[in-house]
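Next come two complexes, and both contain chain A; in the first it sits with chain B, in the second with chain C.
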Partner chain A sequence: MKVINIDQKKWTKGIETLGGTYKLIGPVAEKDFHTFKTLGQGQLPDLSFTNTRLSPKDVVFPQSEDMFVYTLDPTEEDCNILKEAPKDYSPRVILGIRPCDARAVQLVKLNFDTEQYKDPYWLRLFEATTFVGLACDEPCATCFCTSTGCGPYGEEGLDILLAKDGDGLRAKVLTSKGQELADAAGWTDTADDGGAFDKARQAAEARIVSKVKTDRLGELDTLALHGADFWEDVSFACINCGTCTYLCPTCWCFDIQDEVHGKKGKRMRNWDSCMFPIFTVHTTGHNPRGTKLQRVRQRFMHKLKYFLDKYDQGIMCVGCGRCVQQCPVNIDIRRVCDLMNSYSSENACAVQG
Partner chain B sequence: MQNPYLPYPVRIDEIVVETEDKNLKTFKLVFLNKEDEEKFNYKAGQFAELSIAGKGEIPIGIASSPVEKGFLKFTVNKAGVVTTHLHSMKVGDIMGVRGPLGNWYPWEMLEGKNILIVGGGFAFTTLRSSIVYMLDPDNRPRFGNIDVVYGARTPGMLLYKDELIEWEKRDDINVHITVDATDDPDWKYNVGFVPPITEQKAPQGDENTYAIVCGPPIMIKFTQPVLEKLGYDHEHIIMSLENRMKCGIGMCGRCGIGKELVCKDGPVFTLADINRTPREY
Partner chain C sequence: MIAYTDKVRQIARRLLEESRVEMVIGFRKGSQPMMNEPCFIRKAEDADKLVWDGNCGINLANYLTGRNEKIAVFAKGCDSRNIVTHIIENKVQRDKLVIVGVPCTGMIDKRLVASRTEGEIESVGENADKVVVKLSDGGSLEYDRREVLQGNCALCVHRNPVIYDELVADLVEEQTDVDRWADVREIEEMDTEQRRRFFEDLLAPCIRCYACRNACPLCYCPTCFVDESKPQWLGKGQDQIDIQTFHFLRAFHCAGRCTDCGACQRACPVGINMRLLTKKLEKDCFEMYRWEAGMTLDQRPALDTYKPDDPQGFIK
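Moving on, here comes the complex of A and B:
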């Protein structure tokens, strides 16, 4: 297979060159963890990470984002009329995104890029971004990406896939957008790798030992799963902190709020969470998902059943394992997925004979 | 790229206090730009997000009818932050409207059918839109018999009273107005809750008859068995749901009832559709 070899010198030089045309976003060490940040001049992405604690979903879907601005000053002609908020959609590259997180962007795209409506904020940022992935040769114990239609060398949603090769990198260019970036960076040293890339992929895939089964989720009856007896047990320890939805690369729910400072106002959107009771409460006080059980069930049913049924593109989980690692009460989506996938009510048993 | 979150600017042209408790007002809105009005091409049963700069947005059913041109009407109950502010606004004030949103009553399927409309309280807005639409001289021949059962707590709580009285006198629509109770000795319409009045007055269900039902949960709960008893199939009972909404275009994630989103896949569903969802509304 043809790959581009990038040694350390070319990598440093290429990043420096790209800084002239692209805004660079990459992993940087912050205390005990890594996080994706805009890189300063001369700063290199730190590729010595397993994965970041937060997913880089904010690159295309900022946690808080202005939508419109307006004036409330009655002496101004356009008082009370909403105007587009000024935005920066200049080209940017995310360097070192993991394949799971890149696939997550593709899953979220199904929500924001529909036949009837296009979300202009999400799509413009998406289009402005080139995705340069970094393959995982040393996965975490909680990674289960090979069960979710992805993998440590997954290519979906990436423009370039990088893999470590000793001190240097091998690059597989996947799209024209990726080719453009490689050319701009001066990464042109193409060679046949003699199968090394594929071999590394197979080795990495073999290191993913955590697996879940999702094969029955599609055929199971929605209402039977919704009424299943295990939700009480699954949700018992949940404290509705929302950490899972905050970390999750495929969670996209948002709120829209107005904020006023003096005579100037803006309408903005912020990440929201189905774990919070206020997410669904009606003005009357009635709340269709007022209990913890209902909210926990909503999160898992949305990810593992509703999304699958709606789009037929697999489950809304890429197996990054963040929620498994960070949940303060050890709720494990792998266990819930197994409970759902193997569910059979008495009736379901009878039907299956 | 068209921005589906951007409201059209509108001016409040008229405000009518609808009910004796003054908690419901109808706002007549006129587009500031004529071309926006042409883009806002709606059908009876759809809703819109009313936008107030500095306060936010609220999803409200469209009470005006597609056959009424030059304005939109929304009847709004004073309840939360945005609606309370809206109730303090005056004629001439500028606000925004975003839409039309959601699906509508299935007018093409309803063509040639008998229609029973059952409404309660202030959930009569899109039903008013539908009645005005069906009674339009161009449209009336496209439908069979039209029956309406509409109730409120008291005579003073009925919406659109002038129109109700006028419809009641017509011979091409059977209007059954009812109130839960009244001490008015001159009250000449029905007294009783909507479900029993429906049982007394509504036509039998058959394959050519559809019921459109909108009202408070308690009314829906007791009307459903009545309609079943009258022979209405669940495929023939059409309802409009409400849930907390923000975006109104199927993106923000909160109004889901299973895989269906009330804002985009609804708000109009048949009871048969609703039975297939987890009913989280």
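Moving on, here comes the complex of A and C:
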């Protein structure tokens, strides 16, 4: 297979060159863990990470994003008129995104880019971004990406896939957007790798030992799963924080808020979480998902059943393992997935919970 | 403390067999190293699901409110103090609880162990003095248990439960040679500007997941002020002032109630030590009123009583 070899020198030089045309985003070590951040001039992405604590979904879906600005000052001509918030949609590249996180962006796209609705903010950021992935040769024990249609060398959603090769990198260009970036960076040293890339992929896939079964989820009856007897046990420990949803690369829910300071206002959207009681509370005060059990069930049913039924693109989980690692009370989506997948409706509760 | 598991199971089994309680709240073994999951059992035959070791840091007092059952709960020193606080604040009734006290020698700080360990941790075991880490590559490491305890546990002076119906083991010796508030004093000594910068840096990683609030047994308000929308108290974005306001106000709401159980810090996915805020209030309550939360059912908390000789120097 043809790959581009990038030694350390070319990597450094390429990043420097790209800095002229692209905004660079990459993993940096901050306090106790790595986070994707905009790189400063001369700053290189730190590729010595296993996975970042937070997913890089905020590159295309910021936690807090202004949509409109307005003035309430009657002396101003445009008083009370919502105007699009000024934003930067210049070309950017995310360097070192993991294949699971890149696939997650594609899953989120199913929601933000439909025939009926096109989310302009998400799509513009998405289109402005070139995705340069970094294959995982040392996955975590919590990684189960080979069960979710992805894998440590997964290519979906990437423009270039990088893999470590000693001190340097091998690059596989996957799209024209990727080719453009490789050319701009001066990464042109193409050679036949003698099958090394594929070999490394196989070795990495073999290192993913954590697996879940999802084969029955599609055929199972939705209402039977909804009324299954295990939800009380699954949800008991949950404290209804937003850790799982905020760390998840595929969670896309948001809330819209207006903030006014003096006579200036803005309309923004912020990440929201189905774990929060306020997520579903109506203006009447009624909350259709008023209990913890209902909220926890919603999260897992959405990820592992409703999404699958609606889009037929697998489950809404890429197996990154963040929620497994960081859930304060150790609710493990792999366990829940197995419970759901092996559910037999013979045990179903007669009364829907 | 790992030896407690057998006793925990035995007690849970007996309480359910004798129908003394309808459910038992404890921990089951987690899927991750250094993690156990709070759980309940309702049948005596499920008692063997329960475990107890140095990974039971989540405060089980948080799981007692809003339930109708008669419940048995395993309670460390801090949990028991939060149960006392719940009883004083009319959140739970004493006669609906069977409190099984767990004399505690401290909980393991999973982030500290992970940060000290090179390589991937496969499993973590412990004995009385050591924490034994097994690595994925076959290697293993040992830490002195006292060196890898959660920050609050290392400084804990109330390891024994203060209220219980029975105990899983003999009471342990309390620590007396600890300096509980060295970190708070460091912040007190800063000038205003330094302190502002310190708090900004402390809280900057916050993603507003509210894990700290939700892990806290004190945070049981039906609608937290951050969620209040009529009127709205606080912006919901990532504005740092809003984030800081959340943490500061939450801490003040815990004044005179916090037992420094450490659940907030343990739950935080981005490693913020928000205990520094509650500890300052804990220190003030102790120094001004000789008050420590949850030590007795017979005394009203410092902040809901008034005495003519209360210190008033802070009123300016």
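Keep this in mind: the second predicted complex is superposed on the first by the 346 of 353 C-alpha atoms of A that agree within 3 Å, B and C clash if a C-alpha of one lies under 4 Å from a C-alpha of the other, contacts with A are read in each partner's own complex, and residues count from 1 in each chain.
Please note the rule applied: a residue touches a chain if its C-beta (ideal position, glycine included) is under 8 Å from a C-beta of that chain, and two chains touch if they have at least 3 such contacts.
Treat the numbers as computed from the prediction; the structure is a model and nothing was measured.
Superposition model on chain A: chain B and chain C are shown accommodated side by side without a clash. Judged by the touch definition given at the top, the superposed model places A:L54 against chain C, while chain B stays out of reach. When both complexes are overlaid on chain A, the residue A:F276 reaches chain C alone and has no touch with chain B. Of the two partner chains, chain C is the only one that A:G242 touches; chain B does not reach it. Superposing both complexes on chain A places the Cα centres of chain B and chain C at an angle of 90° as seen from the Cα centre of chain A, in steps of 10.
Contacts of A:D233 after superposition: chain C is touched, whereas chain B is not reached.
In the superposition on chain A, A:V324 makes contact with chain C only, while chain B stays out of contact range. Residue contacts after overlaying the shared chain place A:R124 against chain B, while chain C stays out of touching range. When the two complexes are overlaid, the chain among chain B and chain C that reaches more residues of chain A is B.
Contacts of A:Q313 after superposition: neither chain B nor chain C is touched.
Look at A:T38: by the touch rule set out above, it reaches neither chain B nor chain C.
Legend: residue contacts after superposition of the two complexes on their common chain; A:Q257 is shown touching both chain B and chain C.
Closest approach of chain B to chain C, taken over C-alpha atoms in the A-based superposition, is 6 Å.
Overlaid on A, the two complexes show chain B and chain C touching the same residues of chain A, namely 255, 257. Across the complex, chain C is touched by residues 30-33, 53-54, 63-64, 138, 140-142, 233, 236-237, 239-243, 245-247, 255, 257, 259, 268, 270, 273, 276-278, 324-326, 328-332, 334-335 of chain A.
The part of chain A that touches chain B in the complex is made up of residues 67-68, 70, 72, 79-82, 84, 111-112, 114, 116-120, 123-124, 222-223, 226, 252-258, 260, 265, 267, 269, 272, 274, 279-284, 286, 288-289, 294, 298, 301-302, 305-307, 309-310. Within the complex formed with chain A, the residues of chain C that make contact are 30-32, 35-40, 58, 62-63, 111, 115, 120, 122, 136, 205, 207-211, 213-215, 223, 227, 229, 235-239, 266-271. Remark: chain B residues 1-7, 9, 51-57, 79-80, 83, 93-96, 217, 242-244, 246-247, 249-259, 264, 276-278, 280-281 touch chain A in the complex.
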